[in-house]
Amino acid sequence: MPLVALEKVSSAYGMSQVLYDVDLTVEPGEAVTLLGRNGVGKTTLLRAIMGLQPVSGGRILFDGADITRLPTSRRARLGIGYVPQGRGIFPHLTVEENLRSGLSALEGRPGVSARIPDYIHELFPLLNRVRSRKGGVLSGGEQQQLALARALVTQPRILILDEPTEGIQPSIVQLIQNALQRIRAELNVAVLLVEQYLEFAWSVTSRFYVLRRGVVVDSGLTAGRDPHSIAHLLNV
Amino acid sequence: MLKHAQFPLYALALALFAFAPELVSPYHLSLLGRFLAFAILALGLTLVWGYGGILSLGQGVFFGLGGYCLAMHLKLAALPPGEIPDFMQWSGLTQLPWFWAPFRNPYFALAALFLVPALLAAGLAWLVFHRRVGGVYFALITQALALALSTFVISQQPYTGGFNGLTDFSSFLGFTLTDPSTQRLLYWLTLAVLALAFAFCSWLVRSNFGKLLTAIRDGENRVRFLGYNPTPYKVAVFALGALLAGLAGALFTLHVGVISPALIGVVPSIEMIIWVAVGGRASLAGAVLGTLIVNFGKDWISSAMPDLWLIVMGLLFILVVTALPGGLTGLGASLRRPVPAFRFPFRFPERKPSSAPTVSIVAPEAEDLP
Amino acid sequence: MTAPLLEVRDLTVSFDGFKAIDGLSLSILPRSVRVLIGPNGAGKSTLLDTIIGRVRPAQGHIVFQGRDITRTPEYEIVQLGICRKFQAPGILDSLSVFENLALAARHHRPWWSFFRFGLEADLTERVEEILDLIHLRDKRDAPARSLAHGQKQWLEIGMVVASDADLLLLDEPAAGMSHAEVEQTAALVKRLSARHSLIVIDHDMTFVAQLDAPVSVLHMGRLLKEGSLDEVRSDPQVASVYLGRVEEDALGRA
Amino acid sequence: EPVKVGVLQSLTGTMAISEVTVKNAEILAIDEINASGGVLGRKLQPVVEDGASDPAMFSQKAQKLIQQDKVVTVFGGWTSASRKAMLPVFERFHNLLWYPVQFEGNECSPNIMYSGAQPNQQILPALDWAKEKGYKRIFLLGSDYVFPRTANLILKKHIVHDGLTVAGEEYVPLGGTDFSAVITKIRQAHPEIIFNTLNGDSNVSFFKQMAATGMPPSKLPVMSFSIAEPEAQAMGPSLVAGSYAAWNYFQTLNNALNKKFIAAYRARFGANSVVDDPMVHGYVDVLIWAAAVKKAGSLDPNAVRKAAVQLAAIDSVMGSIKFAPNQSLVQTAFVGQLDSAGMFKILWQSKQPLMPEPYDALAFPGKTCVIR
Amino acid sequence: MGDSAVLLGQLFNGVSVASILLLAAMGLVLSFGLMHVINMAHGEMLMVGGYLSFLTLKFVHGPAAFLACLLVAFAGAALLGALLELSVVRWLYGRPLDTLLATWGVSLILQQAARSIFGPIGVELTAPAWLNRSFSFTQGWLAGVQLPYIRVFIIVLSAAVLGSVALFIGRSQWGMLLRAVHQDREMAESLGVNTRLVDLLVFALGSGVAGLAGSALALISPVTPTVGQSFIVYAFLVTIVGGLGSLLGTALAALLVGIFSAAVQINFSLSTADVLLLLMVVALIQFRPRGLITRNSRSLSEA
């Protein structure tokens, strides 16, 4: 049974429809990437999974249960961790507090301890240095790292990442790449990734979907597929 | 100037109002007259709030100042030469205070009723805006202004008539105010001023100035980095709003024959905001509509169920704001929306700029802009 | 030797004792491109903040066209000829795409020209051109708030172009763009350098390579290294604080 | 077809506190007249409007009553501001307003019947009483509006004229509740009595804060001009017990008409209701209007007001009263002291009903009120 | 009564006014400062607290009765606050000026309801005997100074409430979540925070504190349907002078405003004091535009 399944999901902003009958699945522990050029609806789709964007048709299943009408916080508590585009750092909370705010998602989940896992600081040593600074004054890349770390604090079963490498320095991109591989392998966390950076996407995911004007136009395994063979779908 | 498609509609409305003296009872005409005066103020508030994003909770102050400037002249005009107004006598004054003297001249009073509110507004706005304080801060400061000024006017009874205000006028520029024909003229005058103000405002909001104003409302700081200093524009629009309020106050004083501190306090100032909110804050036509509806409604409800009208008013405000954020003129737009706001189980506020919580003035929906 | 367009002299910026920029000096020649790279939190955006007047330095001066602008109000700095794209897109939500561009284009017009409708003919033409340049023609009259993230990036680049300022500051213009778009952006920057000076910040090495311009590496508020991209890349210090495993620098987008 | 009369009081806003009860008394009188057959063979129909404590609203509603409802007269108003705002309306439409509250004088309009006390019928008698009792240093404390300021202006003239001393003078914004600074000033001034023209709820705060600093009315006497029975009841009688007040009517007035009036009011508006001076003025206004209509044989306001001043003195709830030619009421002044039940013990009364003087001769020499 | 005594007495008055303002403003720090809800009905929560205390005293007697009043006032106002949040405020988060309008409507309704239930005339609360005394100095340079117990009590109460609210916001998990929710609601939801519950509780708490204020206020002035209105403007002024959302700033601002008013009132008329207060605030803005205690930010949409 897939961990997350979208069945014919449609969504619209006011009069203008953005997603048309999108089908998408992510198996437990699987990493999937969602590609598409600017403005095709990738963010909209992720927000719909999170419950931040109303769905005008179709269903969203988590672990087989219909969550289409579930409030966002309940979805987070089911184990969906989200790193939004624009990072969503709480600007007036300290880095430490930003991390702790992720603990809320652990309420009512048996068998998890409500503390910040140690590997977070291993993965992002920078955060330790700036822990008492306000989130809002961090540099773009620092914020991006914080957002990733915070999503991991929620001990998710699936991580939803909206362009997580945007604005991050090359060496940290490598770190994140390794981290995602490890998280998947060791903690069996599934990943749904939106990324412009094809090599990065290819190195951490095993399956891909391509979205064009709100419609899935291609999908398949990344293995054995040259990322540049789909580049034409991503251009104007 | 006006959108062509809407022009016939406005012309029709204007004609209808112009014939009102033939259509409605004298009492309702007199109500309509004073409410149209209110509508002039509401236009200003739409500019200031709807387009400029500056909420003024002290518009009554400017309304009152305009009213007082004219009333001072009317009071003096009603006196035999050499006398001073009655309330001064019984407050112990024997001489006309210096700042009253020039108001004998009607043209001075006319100039003052524009300038005094506009200058006070400009001064206050500059002091606050040049320090880059805005939004809610400014709203609450204007509210304090309304409180302080109304208390002050009451306390300066020898000079202002105190709590009683100024009343008992006889004529203006040779017209006897109680004369029915003067009342009619006054009505048309008010209508004409309103029409002019309307045309001016709609020209203004469609001009580049209006665009800049909207830009400043959306992102004052961003606009600075595009090379504009927002302060003078904000000061200008706030002063313009005050000027329109002063004009409205003066016309109102002519209609009612009384101006008193009760009209410049905190409560009336908030009511003025309500007129605009009901009509749709970013629509000039909405401002006029809202003003007329709320005031006629108030007149009607307070007669029909005097004990209940506060409650009904209260419910109305809550309803308008929660269920109809675009006001009456926004109603059309929200009906056209395919996904109703309440269907989604969890309604979030409009998406704010990503990691930025702000106490900023809420932007009206773009669709609501005329 | 031509006089520099912008000179940053011994600049120090500190926040509650923490020095985000520490005694930095830098100069930019007219009609040239300078790329700034450096680790997250190195102080790159803060440098732009300081140039544009958003942050006031504790020490040092910024001289633009021979004039000290260290304490000049932001809007005057822009009027003097510096315009910036922010890292997180800063656009005006309820104005349309066209109006956003128009606003950026006409800031130097006198105030009375604000009391007229529409855009001056010469500007209209430019703005329409820019619309094509940034692929937002079909969104011309859409309110800017309804744009997707990448489209907002483009819009803001468009606004900087429209401003026609002498010095353009681009903070991570390629972030969130696809390969093709990155190439377009690089081409655009090169074209712009014929008439303008640019400071470009980005973490995308492919993009930086395409710009083919001198690179300055910032680290902890100081200049770590200056030179061509290849020189910089081969510097072991730069590799350790910034690039990571040098041999894998194919990770830069192909 | 019934005769429409207007009743215009604040039913909402700050002044509703006092005005609602006046409205009740006016309605009661109208009902009584209807029970005894109405006027000129027609029943009365009251049209009640809310002035909402806003002068402009009073003016608007007065106009509505006259123009829209076509009432033949209006009973109402409380603050001077409301009266001043209505005055031009009544003059313009040649209608008649019956105004039931004590006020500062200085006004004289043919279109208003002033039944409330003029200064010489309330505050000056209180001064006479204080002088008789031997109080020499008087502190003047009031809310910041017209009545207290003018009353104190007149009082100051008379205090000086009588050889007494003004120990101090202070005004508190309407509705003000913080008296700490005022109390400091009072302590410094060492007055022997306070003449209090505070309005409404400011009184509660004042008496409470005085008591808390060790100056209850039993230690420092207070003569109040705006505290009547309902206010005393609401404030808690123990707080104000021992303080004085001057009025033209007290509920404790011992006469048969008064007993009947109180009984009728209680039967209608609750067994625990108390009544006070302005209510009684509102009540007698209606009765006198009816009598004047009968005398004039017409509902025309102009005829009615002329007839009203020609009526003979009548015996009323508040003693012998009649309208003087200046359209103000000739009435008796009383001084009472509050007991622990919130009722006034009557200590003093003027020797005869006092002629109303709209303009105080000492404060405003040379001004007179003549109505033709 | 010597000059120094007058000065000291007035200083005490200033502090006591400040403590009332602080009590009234404290709830606003939560609702206005953190949640960005301009609750114009906050004053009516004060009023409700006052009336509830009045009712409580009808049923409870004895020396501890007043403490019962405080409890009931807190609980009652908090409950009403919760109701208000559920019915109105909930729909308006992120639209501060709309909350102003809607809650203004609520305030009209509550006032009229109070008028219908308790009558237009203010009701009065008799302070318990143990509070009805005052420290009075008869000798030395303090001779003539009177410190009523009631005012001392209110000062102590507001200090205690200040301390607890500060702990709540700054130290508790709820306080942190609250701040998170109002900095980025969607993100907080996405992290599993039940934002509706957080909002509800905090709004109720703010109202409860206002109820406490009303109860304390009833000790020195009557409870009327309009009692809240007379405080609300000053309370808002105090919150903005303090710097939005800063408790320490609010406390300082309350002191500043209280002592300033006391000083002005002794030298000028009370009505002039309001005007001078406004001038003082505008002057202050020239030096500290964002209030006494501020926080910095890099975001473009914040100054």
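As written, the chain order gives the labels A, B, C, D and E, with residue 1 at the start of each chain.
Methods note: a residue touches a chain if its C-beta (ideal position, glycine included) is under 8 Å from a C-beta of that chain, and two chains touch if they have at least 3 such contacts.
Since this is a predicted model, take the numbers as computed values, not measurements.
Colleague: Would you kindly count the fewest steps from subunit B to subunit C, each step being a jump to a chain that touches the current one?
Modeller: Minimum number of steps from subunit B to subunit C: 1.
Colleague: With one step meaning two chains touch, work out the least steps from subunit A to subunit C.
Modeller: Minimum number of steps from subunit A to subunit C: 1.
Colleague: Farthest from subunit B by Cα centre, which chain is it? Let me know.
Modeller: So the chain farthest away from subunit B turns out to be A.
Colleague: Which chain pair has the highest count of C-beta pairs that touch?
Modeller: Looking at every pair of chains, the most contacts join B-E.
Colleague: What's the farthest chain from subunit E if centres are computed as the mean of the Cα atoms?
Modeller: Relative to subunit E, the chain whose C-alpha centre sits farthest away is C.
Colleague: Could you grab the centroid distance between subunit D and subunit E? Build each centroid from C-alpha atoms only and quote it in angstrom.
Modeller: Distance between chain centres: 37 Å.
Colleague: Can you give the whole-Å distance between the Cα centres of subunit A and subunit D?
Modeller: The computed centroid separation for subunit A versus subunit D comes out at 75 Å.
Colleague: Taking each chain's centre as the mean position of its Cα atoms, how many Å separate subunit A from subunit E?
Modeller: Each chain reduced to its C-alpha mean, subunit A and subunit E end up 43 Å apart.
Colleague: Out of subunit C, which residues touch more than one other chain, so two or more?
Modeller: Where subunit C meets two or more other chains at a single residue, that happens at 15, 86, 88, 90.
Colleague: Going by the touch rule set out above, which residues of subunit E reach two or more other chains?
Modeller: 112, 183-184, 186, 189, 269, 271, 274, 296-300
Colleague: Can you pull out the residues of subunit A that are in contact with at least two other chains?
Modeller: 51-52, 71-72, 84, 86, 88-92, 136-137
Colleague: Taking the touch rule as given, give the residues of subunit E at its contact with subunit D in the complex, in rising order.
Modeller: 1, 6, 9-10, 13, 16-17, 112, 115, 119-124, 126-127, 132, 134, 136, 144, 146, 148-151, 220-222, 224, 226-227, 230, 262, 265-266, 269-271, 274
Colleague: How about subunit B: which of its residues touch subunit D in the complex?
Modeller: Against subunit D, the touching part of subunit B is residues 25-28, 30-31, 34, 86-87, 89-92, 151, 154-155, 157, 162-165, 167-169, 178, 256-258, 260, 262-263, 268, 299, 302-303, 306-307, 309-310.
Colleague: Which of the residues in subunit C end up touching subunit A in this complex?
Modeller: On the subunit C side, the touching residues are 15, 38-42, 44-46, 87-88, 135, 146-151, 154, 172, 175-181, 203, 205, 241-245, 248-254.
Colleague: Which residues of subunit A touch subunit E in their complex?
Modeller: Spelled out, the residues of subunit A in touch with subunit E are 50-52, 71-73, 76-77, 82, 84, 88-93, 97-98, 100-102, 104-107, 134, 136-137, 150, 154.
Colleague: Show which residues of subunit A lie in contact with subunit C when the two form their complex.
Modeller: Residues of subunit A touching subunit C: 13, 16, 37-40, 43, 85-86, 126, 130, 137-142, 144-145, 163, 166-175, 196-200, 228, 231, 234-236.
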